[in-house]
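Below, chain A partners chain B and then partners chain C, in two separate complexes.
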Partner chain A sequence: MQRTKLTLGALVASTALAGMASAQTELTLWYHGAGNEVESNILGGIIEDFNGAQEDWQVTVESFPQESYNDSVVASALAGNLPCILDVDGPVMPNWAWAGYLQPLPISQEAIDGHLDATIGRWDGEIYSVGLWDAAVALYARQSTLDELGLRTPSLEEPWTKEEFMGALEAAKASGNYDFALDLGTAWTGEWYPYAFSPFLQSFGGDIVDRDGYQTAEGALNGEAAMEFGAWWQSLFAEGYAPGTSQDPADRDSGFIEGKYAFSWNGNWAAANTLASVENADDVVFLPAPDFGNGSTIGAASWQFGVSSACEHPEGAAAFVEHALQDEYLAAFSDGIGLIPATKEAAQMTESYAEGGPLAVFFDLSAEQALVRPVSPGYVVAAKVFEKALSDIANGADVADTLDAAVDEIDDDIEANQGYGH
Partner chain B sequence: MALVTSDNRGLRLAARYATLILVALIFLFPLVFMVVSSLKPDQQLLADTSSIRAFLPVGDISLDNYYKAFDRAPIGLFMMNSVGITIVTVVLSILLCSLAAFSFVFLDWSGRGVLLSVIVATLIIPFETIAVPLLLFVSKLPWIGWEGLEFGWLNTYRVQVIPWIVDALTIFLFVQFFKDLPRELIEAARVEGASWFTVYRRIVMPLSGPVLATAAILKSLKMYNEQYLWPLIVVQDEAHRPVMVGLGYFFQLQIAWGEVMAYLTLISVPVIAFYLVMQRAFISSIASTGVKG
Partner chain C sequence: MSSKLTRSNRAGWLFALPGFSLLFLFIIVPFFFAFWLSLTNQRLVSPNPTEFVGLKNYADLLSVSVLTLEPERDEAGEIRRDDDGAIAYPRVRSITRSDEFPQYRGMREWFRWHWGDKAKVVIASDVVFMKALVNTLTFALFIVPLQGGGALLLALLINQKLRGINAFRTIYFMPVVISIVVISLLWRFIYSGNEGLLNNILEALTFGAFTPVDWLGSTDTALGSIIAMSAWQAVGFHMVIWLAGLQTISPTLYEAAAIEGASKWQTFRYVTWPGLRNTAVLVLIVITMQSFAVFAQIDVMTNGGPLDSTQTLVFQTVERGYGKQDISGGATISVILFLMVLMISAVQAFLTRERN
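Up next, the complex of A and B:
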């Protein structure tokens, strides 16, 4: 009798559970983090929590290698095979929205209150994507180097001027203690160039495109300020301050740690490893970008969640994104993979970004200096043109000719795409 | 006089062996670097690259990179996928391409010369130019499977096999080889009443060992080593990914070079083993067809 009751009970329970599971509508999520075990585990935990916390939606994840993720998404969009929830890189989002791969994300304002501005992806007046984190770049240095060379320690409020920055490079070069004064990371290619170096151009007063309408790069990328920037950029290599585009990737990874470079322009994602690898972590300081005349800025916007145009349940996707935006998850991602949490509250919950933490300066940099890359569908093309132009100038190409040619290429693309819907 | 000749011969032999050893080392060094680097931690691996230590298993040697690589990616799954896709494609390719070549060389039908020229001309078309139209095509193709009629070949093994079975190079290889076979053999068999298929199966194919080896090796290398763009755009689920797409798992913001080398070492094993088994036939085929990979 007892066994019969148990069997019946198990049957009823399993039927009820099966009924609950089948009542949940499946939403597929594509993510760029295949191969990153920590990231995958954290995301898996968030999904498990979400699936167990409500009865309407069942999120399943498919992870892709980051380097080929965008190509996979574009191919799937062509084949009409997009999932419901997409992971999208911030600067790419406007292109995907314009191309019809994404639809607006119906997320509540409360869910994003207090978030770093660059973690919210907006296009055409609507929110299309939201990120759990941002990234920031700083000038890595050692306090002992600054003291030894007699340099002022710059701050967020008072960054180095162009003269101070060039003076620092000259002092480091003249000391003879380093292979190069400055490591810009030219060994890295692709998005690193526009992300890391266009803020210098913006600080000079130029830009990749004219953000007033996004219809041309004329004047922004080849105006007086841009020419000044180009000449300065070329001088970094011509005068031997920085290694050129043939920099050894191994030196990019470990050159600053080993003392080959006095300064390194690098992201917060490399900071934890740097602190763990240098002889004296307390000596390492993360300095703000120099101010070349129009303010000190850094790039912004990292990976974010959006809803694909093929998704029949955007409300379900939004429910998942809102769930994922809880501070505890933002903090978990930050502790796990070292990125900057999207809110101040989450930052306080982390080991690195809490007030007084070793990387807290990056949160402040992100909050104070972040400038998103041009919010335009044409950015994906303009970014590649910009990268090639900077690489050519670094290798000795004529600055004016190169920037003029880059402007023509960007303008032709904008025209070919009928202004990209601006 | 005889002594001088002997010395010269010895010197020439020594010079020849020295040259051969040098060439062999040039080809072996990348493999040695890969295997040795897979045993070192990243810091040591990067530090050693500027010296001869890069080719020596010295310092902090361990199998840690292999353990970590297996944790990072389902390597066994990727290798099984690639090996399976390669074997099926190669077998079907050899069968169909050799049949096509047999038809071009031995059967008498109008337009075969023009058609062969057209097929060979497709060699100049880069795959990238047809990738998107082909993607749109296969995404709508029908298929009758266990669950009945379905549309769309994405996320399957067949989409990674069928478009690659027939190719111009393999047909061309067989055509060139078949042309040199003695016609008398085929004519004698026909006079004896053998059907064309019997001639293909009992006479032509048994004589085609070298070209079979060449076609198999070239096709295998292409399917195993070079399949990146196509699976990238037609396969979105991990279960069907091949090894080359799997390599992307190791390129994170901070690249773990030791794990990359461990992964490359592991996925190179089937290729090297296959080549070692087939190398004798491959070399004799180079001599007979004048084509190499």
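Up next, the complex of A and C:
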């Protein structure tokens, strides 16, 4: 008995000593970028700066490979092991907030003043996550191609109409210089489909779900506009403008660079490599999405930081996020891994996105045309259903039946989840 | 018997305990757990409480109905035909999405056939599941003879005393040791539609007469391509089992057959094959059970596409349970799969039993 007391006493004393040695409270951060050295170094630098700049909090990072990151979070949430600060993909955030994995992020308004709207993750009227960057998609082309085929160069103010776009594809196909006129990136399965292609549907006037209450997809995904979109989508493959779902992933990466495709629908993250690999970088232009009648839109919202519900010190997490949101860090991430910085000031500090920089157009695209994917916990399921519907239609399935089936599946899921708390 | 098992075999039970407890923990408990989940509306991620829903999940998967479609007629009562002369029928969605027929709500056409002027349409509440079921059965039906037969052939080839035979054994066995994910990725390149190895070889062999096929991108060839690749991948494993069986056959039997003047075929038919009886039963049942669990190839190579032509039950289980966060739906499929495999294995065991 005596001995137990003694050991206990020693334990308490040593804990107290350790506590005194570092008065900082430890906050764990989970990040999706394992395997990317540049990214890890930048994040490591931010954390080091933060830990040195104040005395209350000590942030430590654990990185996961992106492919298994979401699964890891879900598994550890089920096991009750969430860290304090979580990295979360923008469209997935509402699902985690609804499930109770996240709590609102108590961030000050001035910290996010002037940030691109899509970098702020809102759910249920509160801010849950904030991103340091955004991503954008553009139609890669060569000015020489446009001149050769006699096409007007579209601008942000005046994008191509549907007729002009289809005319451009027809001209490229008729020229016989390309394997395919348009590379949509059908080789990239997963989130690419809803992220890159649902803006086309929105431009036609449809959507993945009815954003008025988010209770059904009926009418949005199988209404007249969606049927028109489906018929157009099918025609891209049926008439041989674009390679189908069995596109070789290697062609996706290098097809445009090698001149196999006249146009490529691709994200800003691939732009730096494309400019570095093509023969004449000055010739490459990034065109805005065509306007199918309802304005040009592109997808938005990338990875963002949020606070888990298990975190006892949300104010510490918010302090870290506010620290990380400084323009110099946004610029560092942008220069390091090619992302679009969240503020105009940070964009000016980067090599690529500063005014007149080779990728400046992507910042404007994000600022002008970005439309976040449906802000609903049900999005993660709807996105899968949408992806399958689009690949089926591309492979020749009946448009109306396929969209109807997708609507039924999304509606069943919303019902099974009692409306997802909207 | 039972008293002897419990009394005098303490050491045996002790040795079996780690294995049994692992089997219990990872096979038997999860099965009962899955059975329970299939009766609820359990989600992967949800703040809502889990509710007991009875057999709803099974009904959602298995409901099937037959619709009879009358041809469309014009005012004169003549049957309307399209340009090709095919009879025009009303669209199935005019029935399944109409408020007049709430019983067909959410169902979709699976397949149809024609009966006189009328069209009989089979509609199912879960067409993807039905296609996955048919594909899985087709896969098993082809893979069992292909893999079992191929493995026996290889085993007979390498069961000879030749110089360097070990090199062949190693080569045939190699695909078994390589991860199925790596193999699937490699075969994706082999099957590639434009620059794929298979297309190139076939073109070279036919002096350019062969038109390249998009093996994984076409509904006609996708499942066949996966069957061929899967049979090749696991054939080495079963080859080793056959080989073990072959080497238990006493050489004296072969000598006797040779003295009697038996031909090669007669030796195989009356000496080798009867000697392989038990091995054959084992190989048959193992391949059948494995083929029902086909997943990795589908996940890496086709994702169930094109047009659901390579959907399988296990792929759908994972897709629903994890991808679409519907744990109860995934659990329901795995219970159905379990019952199917159990039934088929029982029939196989019955048909191949020792008859004296």
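FYI, the second predicted complex is superposed on the first by the 401 of 422 C-alpha atoms of A that agree within 3 Å, B and C clash if a C-alpha of one lies under 4 Å from a C-alpha of the other, contacts with A are read in each partner's own complex, and residues count from 1 in each chain.
Here is the rule we use: a residue touches a chain if its C-beta (ideal position, glycine included) is under 8 Å from a C-beta of that chain, and two chains touch if they have at least 3 such contacts.
Model, not experiment: these values are computed from the prediction.
Contact with neither chain B nor chain C is seen for A:F237 once the two complexes are overlaid on the shared chain.
Look at A:F229: by the touch rule set out above, it reaches neither chain B nor chain C. Contact with chain B, but none with chain C, is seen for A:A34 once the two complexes are overlaid on the shared chain. In the superposition on chain A, contact of A:A400 is made with chain C only, not with chain B.
Contacts of A:D71 after superposition on the shared chain: both chain B and chain C are touched.
In the superposition on chain A, no contact is made by A:F386 with either chain B or chain C. Comparing the two complexes, residues 71, 248 of chain A contact chain B in one case and chain C in the other.
On the side of chain B, the complex with chain A involves touching residues 43, 46-47, 49, 71-73, 132, 135-136, 139, 152, 154, 232-234, 236-238, 245-255. Residues 41, 43-48, 91-93, 96-97, 106, 108-109, 127, 192-195, 214, 216-217, 219, 303, 305-308, 319, 322-326 of chain C are the ones touching chain A in the complex.
Looking at the complex, you find that chain A touches chain B at residues 30, 34-37, 62-68, 71-72, 75-76, 78-81, 248-250, 253-254, 267, 269-270, 273, 277. By the touch rule above, chain A contacts chain C in their complex via residues 71, 74, 77, 95-96, 98-101, 179, 189, 244-246, 248, 251, 380-381, 384-385, 391-392, 395-397, 400-401, 404-405, 408, 412-413, 416-418, 421.
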